[in-house]
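Two complexes come next, and they have one chain in common, chain A, joined by chain B in the first and chain C in the second.
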Partner chain A sequence: MKTPSGSPIIQVAARGLVPVIQIIGLYVFFHGHYSPGGGFQGGVLLAASILLARLSLGTEVSQLLFPARKTIIFSALGALIFAGTGLAALLAGGHFLNYEFLPLPGLEPAELRNWGILIIESGVTLTVMTSLIAIYDEIIGC
Partner chain B sequence: MQWQIEILLYIILIVAALSALGIRNLLAAVVILNIFSFMSASIMVSMGAIDVAFTEAVVGAGAVGVFNILAILRTSRKSLD
Partner chain C sequence: MMTLLFHILAVLLMLGGVFFMLVGSIGLNRMPDFYTRSHAAGKVDTLGIMMFLAGMMVFEGWTINSAKLLLIIAFVALTSPVATHALTRRALLIGLKPWYRPKKDRGDSHAMAD
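And then the complex of A and B:
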């Protein structure tokens, strides 16, 4: 909450758990092609790590981790990445979100589809993570 | 062997849902809702929908529980009805 937790056990456990949850979130995001997971689940895991820091370490420390004034900006940036990739494929001659027509030089169509999905998922991850943190900041009022 | 485990999961799911509706202490109701979410994730695993189960477990444990506790913090601890 706004002041740090009084118990040292909670503080030490939260400081140790936050980087582990973030590593798991990045793993889930990058392995979304091959295993269960993807942009939404990775984004929720990354947001859960920041929410754990906000709950246990207090506003002053956790605002250094991810400032509240940047959440809406990054949320809009993620939506822009998603829609921009689709519109780039549309303007380059294909359908909306048809990754084969993305204007990236020197790549085969299969590689273009691989990288296109990764770009889309990064936009989804950014939007989900920052939107959940923005909801928390709006409720707690900081 | 699998259908006995599934029936046990369904029984825990229904009992958790009914007791979350009936209990007066709202913080205990949030914890019981987390049990409900975890049980539904386990049922989805037993049905073979790993991706849905993963989403359910992550959202139910990571985001919804925290938001429910914050909503209780802005209101009163006990239910009034």
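And then the complex of A and C:
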């Protein structure tokens, strides 16, 4: 259990910064095809926004933002998305993680690779974000 | 001609930023205690990075990259002083005493040893 910071400067800055950091994280995740970034970096930014709320706004508000009991579930879900995409390509006739064989109807092979990379990157983002939050929650005990 | 003027302005802004970063790092080494050091690191680094990025904006011109650099300037201007404030506030609450110059005439009763 962590109480909110006593300084109004820190509280106001954190309330303003948490949505901005989340938007930057989503931008880094979705723009990872064309520019520096990707799933891991976007996940770290999303986790940093939640951890900033945990540190500055206290347990009550930040548990509403992202509850601690759901971190392991979402972490496992991200790993399942990653491995499931690879296995779907494997079962459809290609190699593991060969996006060209994904069973999505009506798409060119190039578009299939595009969407396949986006799907596994979303899994990586989910796993990295929730794993970092889970590590922090174990350390501070909230 | 205008390009040359803009380049000169950009180089001057970047040199100013480099100067302030140099001053900040010298202060970080030379200052006596935690509070003065965080003052040097926080304020001067903020100004140095902002001037450097402003120079890059002038160098870049009216493009989308210039707008991104402006957003980075706003982010640095918002976060760096708040981080310095959080560090020094927690140090004061824990009980770290500020440094006083040792008085020669009386015994240094409340002078902090380094």
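Methods note: the second predicted complex is superposed on the first by the 141 of 142 C-alpha atoms of A that agree within 3 Å, B and C clash if a C-alpha of one lies under 4 Å from a C-alpha of the other, contacts with A are read in each partner's own complex, and residues count from 1 in each chain.
Throughout what follows, a contact is a pair of C-beta atoms (placed from the backbone, for glycine too) under 8 Å apart; a residue touches a chain by one contact, two chains touch by 3 or more.
Just so you know, these numbers come straight off a predicted model, no measurement behind them.
In the superposed model, A:Gly16 lies in contact with chain C only, and not with chain B. Within the superposed three-chain model, A:Ser7 lies in touch with chain C and out of touch with chain B [touch as defined at top]. In the superposed model, A:Gly37 lies in contact with chain B only, and not with chain C. Of the two partner chains placed around the shared chain by superposition, neither chain B nor chain C is touched by A:Ala53.
Judged by the touch definition given at the top, the superposed model places A:Leu102 against neither chain B nor chain C. Residues of chain A that lie in the contact sets of both chain B and chain C are absent, per the superposition on chain A. The part of chain B that touches chain A in the complex is made up of residues 50-51, 54-55, 58-59, 61-63, 66-67, 70-71, 73-74.
If you check the complex, the residues on chain C that touch chain A are 75, 78-79, 82, 85-86, 89. Listed in rising order, the residues of chain A touching chain C in the complex are 5, 7, 9-10, 13, 16-17, 20, 56.
Across the complex, chain A meets chain B through its residues 1, 36-38, 40-41, 44-45, 47-48, 51, 55, 132, 135-136, 139-140.
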